[in-house]
Every structure is written in structure tokens, then in C-alpha cells.
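This report refers to the structure that appears directly beneath it.
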Amino acid sequence: MSELDFLIGQLVVANRILAKEDVVDAYGHVSFRHPDKPERFFLSRSIAPELVERGDIVEHDLEGNAIGDEPRSLYLERFIHGGIYEARPDVQAVVHAHSEAVLPFSIAVEPLRPVIHSGSFMGRTVPVWDIADNFGDTNLLVSNIAQGRDLAECLGANNVALMRGHGFAAASKSLIEVVRMSVYVPRNARALLAGLGLGPVKSLTQGEIDARNRGYGPYSVETWRAWEFWASKAGCGHLVGKRPGEAEKPAKG
Amino acid sequence: MSELDFLIGQLVVANRILAKEDVVDAYGHVSFRHPDKPERFFLSRSIAPELVERGDIVEHDLEGNAIGDEPRSLYLERFIHGGIYEARPDVQAVVHAHSEAVLPFSIAVEPLRPVIHSGSFMGRTVPVWDIADNFGDTNLLVSNIAQGRDLAECLGANNVALMRGHGFAAASKSLIEVVRMSVYVPRNARALLAGLGLGPVKSLTQGEIDARNRGYGPYSVETWRAWEFWASKAGCGHLVGKRPGEAEKPAKG
Amino acid sequence: MSELDFLIGQLVVANRILAKEDVVDAYGHVSFRHPDKPERFFLSRSIAPELVERGDIVEHDLEGNAIGDEPRSLYLERFIHGGIYEARPDVQAVVHAHSEAVLPFSIAVEPLRPVIHSGSFMGRTVPVWDIADNFGDTNLLVSNIAQGRDLAECLGANNVALMRGHGFAAASKSLIEVVRMSVYVPRNARALLAGLGLGPVKSLTQGEIDARNRGYGPYSVETWRAWEFWASKAGCGHLVGKRPGEAEKPAKG
Amino acid sequence: MSELDFLIGQLVVANRILAKEDVVDAYGHVSFRHPDKPERFFLSRSIAPELVERGDIVEHDLEGNAIGDEPRSLYLERFIHGGIYEARPDVQAVVHAHSEAVLPFSIAVEPLRPVIHSGSFMGRTVPVWDIADNFGDTNLLVSNIAQGRDLAECLGANNVALMRGHGFAAASKSLIEVVRMSVYVPRNARALLAGLGLGPVKSLTQGEIDARNRGYGPYSVETWRAWEFWASKAGCGHLVGKRPGEAEKPAKG
């Protein structure tokens, strides 16, 4: 199996996990960058993530066009993905979601920040992108590449940007990591919200965030354990396959 | 299939979705206006929404009487629907529900307003109707057409009215839209409640609300995607059928 | 079928509903008074409510003794039921539960009161019984008839008493009504808690509570609709049977 | 069946219960001390608790080494268990989990304390262990025996220690008790959090905690009822077996 085949299979799993874990509902999407052609990415056609199958995955260029003759509808907000892949060569996977728990932090001035260990991957700073700043009154959706690029600029070198009154965009160096981050960012938001109700709270330090980043790879035992567990909960454990070891890691091309 | 047949099928789906999404429980109901006879509407007989089937749908006149010889019990609060259809010729579908998340805003002075993009359809202003204002001490239920008309007057040209200590009534130009609104109004209420706990919050502007209204139709790809997803979650995906395109849209009569 | 047979069947349903609606977990119980012998009541032996079947129902006297030769374990807190039936001849059914949503009001000074229409049945005043007031340091459980009587005295003529750091006891004139109240008291508590976070809230008036009490009977269409719905959700819809009409109401004896 | 065989079976049940009750997700673990060799304990290999079966249970020494030739991955944080068993000869079972409800109390200054009767088993004082105090910037995980011992020192003679931004460690004199405590500590945390939003709250007294400790054994009717109920909910009721009476209690060795 090629790395691309492997990743397309994992993208199906990623969609199902995000749906089951209530990160996405009818809306929201997850993509990965083509492992061989960095100016391309893979994203489902426009259907609810829970229902995504292999045949629904569509190759896009960075401006959000489908490659080849594609008669099916594309996600309206595919420009989120294109904009981020274009600005951030280090990013291999992107999630956009409307997860309920992050919404309060997108409309208030209190910043979202990591306070629990599993939230560390969002990094120390989570900017809030307000589409109105540069585009005035819109339907709040990222509906063209200019808006996608503007969001990517706000994201900068961070891993997560909140989108005012809308949701978040998360970027990571692997598909498994961006899914894990998308599951734990809302949990961190809930813990922070509740903690602030009790008084001042202690955030993770930069040193702690760095230590956690050093400790985790996408195919490490601890990360893969969560991947298998979430897939099993989402009813697609049979699609996960074996954890790629250093030796067996799927070959390029 | 006539438009009426199509809509009756979708009304069954609407009932199941509202139950699954926890908008209604044993109580609450959804109706649509007869596409050909604007002085009539369709609503289930008095059973829990989750259990509604095609044969349970009853035609009513605007004063809440069942058409023909109907031996079965009707919903006590059918006057909510009649009152709104009478006052608002533009309204084609109505939901009444006790959704838990809106209740705090129905008993406190803080107004419910749209702060997330999916909440935009409630519009800028959500009035609170207090049955006690004009009817004194009641059981809080809208049990006659005078009360239904009073509620409709409070609703005015808005899309949603809260009912003090009771729930909400939502009105829209299509069945799919009123269901979507009824799912997202509670989500918006939760986000607003949590956001207010963090400090002042940013609401959607009128321009944003307008832009969103322009962008969505009941049978657009993005709206239908949610409809199919919710129906699938509710176990009645097989009742949804194909998305009506502009060409294939069910014929009048 | 005798009224007693009918009620025992409904008691099984009541147990399953309370479990499914998260009012009880492994702990909590529901009873009804013998329709012909007012100094007796029926309560399950000591098992989790979700698992209760017809054969588990045990007849007790008002001091909490099982009638006849009963080798099986009884609920430790059966004295809650005995104490209330003894003090309140009008009460025909009792629930005791640890429902999470009422707990905050049992440990704080803010009183629980009805703010939503479905919460009206708790009545205007919900006293908090603190076992420590008369019994000092205990395990907080109502483990003898003296404690049961003390709780009943605190309950007085009300329908619900909170038990400090423990849960609530609810009393009503029918089994269906005490179950409905037990489902909606926690919902009311959540709405009140959230509403208080927004500022001052409006409670139901005594006139509204009275109007609601006049409007509902245990076998009215609206009440039975909820009973059937909850039973169906709890997987025991087949145990419910037909709604007793005025004519068909199960005969005494 | 030997006591060891019995306990290994119950450890499988414990894993499934903790997963179903949302105390653990992909992460978190539960162990018991070898009944005959106090310098050994049993813990699953590194898999998600929901998936644990008999064959996954691994014997460890108190420094966290697997006994014998064990090719499979071990839990990274097994040192939590070793550290506590070493410091506390009275402890027979340990849980570590990231339960969401305790996290706010781990990052704020407001102390977690028992306010509901089922929370009594945490004891009057719940210290917060901050790994940074003695180890500076880490990934927050207890990854060596020095850190496990430091946590155990902070735990002292208490039953639960919170771990800053991470979760909790709970210790008890039996497996059933540590699971019950782990289910109810989060519930107590939620009740306390909500109660504090209403104003000052009343905690359990030391006398009440003592009274409750005297009233419960791991195999008492009331405790076993919850164990059976939770196992049934978790789909492993068939693994529970019969409640060990005083006579039938599984023999040592």
C-alpha cells in the first residue's frame, strides 16, 4: 500500500472520529496534504463527515479547485484548507469545525489557552480571526481564497485559530495529530471555562508545551492507542489497520 | 409525487429529527402550511414527535380545528401554529418546543440574540412573550386561538419568540429551514450563556444576518446536507429521498 | 386486571423510565401505596431500578418491614417511603433519587423553585431537609423510621423536599405524576441554575401552579403521551398497555 | 477460583465500567495489588480501557517493571501505581484518570471537597499535586518512579490527589471501592462547581465521612448493587459473577 492509499484510508477514519466525538456535525471537514505533491490536498466532497467513504475523497489544488473533471459539489469552505497549506509548508493536515465548546471564546475577549495536558498541542497562543475585520458584513463563511489567505495570515505560526462566531481551524504536521488536537481543544475549552468560574487559573508553560511536543509522534504507541480507541467508538475500527512502525512506515509514492 | 405528498413525508422526518436532536421530547410539535390552501396547515395528532408516522398527520384550519371527521386527540397547543399562519402569510412552517437551552433566556432579562453563524436565522431580535401579560394566571399553555393570536402579535415580523418559562415558537418560509433554526437556536443559546460568563460578547450584525439569509435556500446543497445527516442520525434517512433540484422541484398540486 | 396488578406493571415501567431519564442510577427508588390497604406500599427489593422486574416488587408496611417471609435484601432507605405515606394520606406514590441537577440547591442557600411550566408540580416551596439537624453526623442515608418521619415532617404539605448533599424525595397523588415530576424537577433546576447566571429570574406564580394542577390528571391524554414516550425510550413500551379511560379505569380490588 | 483469578476478572470489569462511565477515555488506568505478594500489582498493557480483556493484564513490580518476558507496551504512567503501592501498604487498588469534571479544580485555587454523600470517600482533603514543583517543565506525565513517589508523597494519607492540568489519582482498600470513588468524584466536582455558582456551600463533616466509611464494604449489598448495575451498562454484566458473601469470599492463594 502506498502512503497515499494509507492516508486516504485514515482520512475516512478521521471523518468518522470527528463526527462521533462531536467535533463536527453536518458541517466541518478534515484534509491532508498530498504526500508527494505539496501543492495538492485531499478533502471529501460536500457530505456530512459521518457519511464519508473512500470514494468521496477529492483531490484539490491550493486555490480550492477540484483536480480533473469533478461533477460533485465541493465544500464551500475548502479555501480554509488551501489558504493554510499555501502559507504553511510545515502543515500536513487541517481541520475546520464548529465545535460548541470553543464558540464562547470566539465571541468574548477572554483568550483560549492550554490549561490541560492534552490541550498543549494548540500552543500558547490561539488568535481569534474576525472575518469582518477585512471583509465587512459577510455570511461568516470562508467562501473564497482571499478569505482563506486572510485566515491563514491570522493563524500565522500557531496551530489553532478561532473564527469569531463560527468555530476553529487547526493545523498540524500529521492527520492523526490534527484530529487529536481537534478532540482535545474543546475539552480544554470546557475545563478553562469552568476553571475561570472558580477564579484565576494556571496555564501550561511554554516549557511544558515544548516538552509535550517532543514526546509525541503520530505513530507512537500512546497516540495510536487513542486513534484505535476513537475509531472503535466510531464503528470503523476495522478501517484502522496496523500501527506503522519505523520499519513498516508506508513508503513514499 | 405532489408537493403535498412530498411535504407530508418531510414532516415525518422533521418530527424525528427534532426528537433526536433533543429539541422536543414528549412535547413540542412542527407543522407546515398547505401549499395550495393557505388557510390550512398540517400537524400530527397528539403523540410524541419521535413516534409520528404518515398516518398521524392531520389537516387543521387556522383556528385549530381538524378538517373532516377526526376522532383522534389533537395537540392542545395547536393554536400556536394557527395564530402564526394567520398573522404571517410569509410563514410556511412553524415549530413549538421546550428546548432546555432557551429556557434561561425566557425567565431572565438578558436577551437571546445571534452570536454564532448558525444562529443567524433567528434574526436580530427575539421577543419574549409572557402569557401572563394579557391572560393572567394560566397553565402557561397556548390553549385557545386568542392566546395563539397574542403570541403571534408578540412574534411580529421576527422569526423566533421565546415563551416565558415554557419554550419557543419559530416560524420560517420552509419546513427544512424551521427545523434547522430549531436545532441551532438552542446551540446559540448555550454559546451565548457560556460567553456571557466570560464577559461582554460580540453579536452578529444585521448585515451579517442579511448576508446569511441571502445565502441559503431550503434545497441548497449545504442545507440539504444537514437535513440528510440529521435524518440519518434519527434513523429515517430512507425517508428523505432525493434533493429537489430547481428542475425536479415537486410540482404544485 | 385488578388495579393492583395494573399498578405493579406500571411500577416496573416507572423504574425503567427513571433509570433511562437519568433520575436514578444504581441508587434511588419509586413506590406506590396499596390501593386497598393504605398502610402498605410496594417497592422493589434492593436492585438497580433499570433491572427491576415484576417479581422484584415487595409489599412493605409503613415502618419499612417486608410483608411475609422475604429472604431478599430490601432498600436501605425504604423508610423515606414509609415516613411519607404515614404522614400524608393524600400521597399515593413516592420517588427518592440523587439526581445530579438538584444537588447544588441542596448544599447552597439559593432555594429551588418552579420557573418552567413543567416544573410547576414541585409547588411554590421546596424545603431542604438536613439530616444533621436532628441526627448529627450520619452517613446521610435515611436508615430508620425515625429519620423517615423527620424527613416527612420537613416535607410537610409540599411535594418535593431536597435532602442536603444527597438528593430529593417527591410525593404525588399518582405513580405517573410522581415520575413526571421527578423527570422535570432536575430540568427545572438546570434552567434555574443557568437563569440565575444571567441575573434575576421570574418564578411561576401560585396562580399558575394552581392552574396547572387543575389541568392535569394521571391518565389525561397529555400526561399519558409522555408516559408512553418515556417507556418507549426506556425499551419497555410494550409494558405500558392502553391508557385507562374514565370507563375502562382499572377496578378497585 | 482463587482470589487472584477473581480479582483479574473484576479488573477487566473495572476497566469497562470506567470507560462506560466516562472516567477514562483512551487514557487512564486501574490496577490492584497482588493479594499474596504485596510488592506486585496488576495493570493492563497499554491499550484503551474499554478494550481490555483478561489476557491483557500484566503483573508489575513496584518500580513499574513487567514481571517476566513481556514483549508488549506498558502504560507510560504505570509509576503512579507503583509509587502509591510502595508508600501506602493499606492501599489495594489505584485509578488514574483525566476525568473532565475534576480538571477545573486542578488549575484553580478553589479546593475540591466532598459535598454529596457519594463523594464522601474522597475524604475531607484532596491535595493538588503540581509536577512542576519538583520537576520543572515536563510533559506533565508521571514517566518515572521518582515522579510516582513524589505524587504519592503529595497524596499522603488521603484517598485522592488531583494532578494539575492533568487529572487525578485515587487509592482505596479494594478494587470496587476505587472504581466507585472514581465514578463519584467527578459527580461531586460537578455538584460543587454548580453549587459555588449559587453562593457558599455546605461540605460534608468529618463525622459524616467517618460514618459513611464505617457503613460500606466492597461486597456489601449496596456496593455490589452499583457494581452489577455499572457492569450491566458497560455490557459486561456476565463477567461479574456472584457477590462474594462472608462465607464464600474467594480464598487466599
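In order of appearance the chains are A, B, C and D, and numbering begins at 1 in each one.
In this text, contacts are C-beta pairs under 8 Å (C-beta built on N, C-alpha and C of every residue); 3 or more make two chains touch, one makes a residue touch a chain.
Here the structure is a predicted model, which means the values were calculated and not measured.
Least-squares overlay of CA atoms from subunit B onto subunit C yields a rotation of 90° to the nearest 5.
The most distant chain from subunit A, with centres taken as the mean of CA atoms, is C.
Residue numbering shows that subunit A and subunit D use the same positions for less than half of their mutual interface. Between the CA-based centres of subunit C and subunit D the separation comes to 33 Å, rounded to the whole angstrom. Rounded to whole angstrom units, the spacing between the C-alpha centres of subunit A and subunit C is 47.
Of all residues in subunit B, those that touch two or more other chains are 197. The residues of subunit A lying in touch with subunit B in their complex are 25-27, 46-48, 50-51, 73, 76, 98, 100, 103-105, 107-110, 130, 132, 136-141, 164-166, 193, 196-197.
Of all residues in subunit C, only 115-118, 120, 187, 190-192, 194-195, 197-205, 207-208, 210-212, 214-215, 221-222, 225-226, 228-230, 232-233 touch subunit B in the complex they form.
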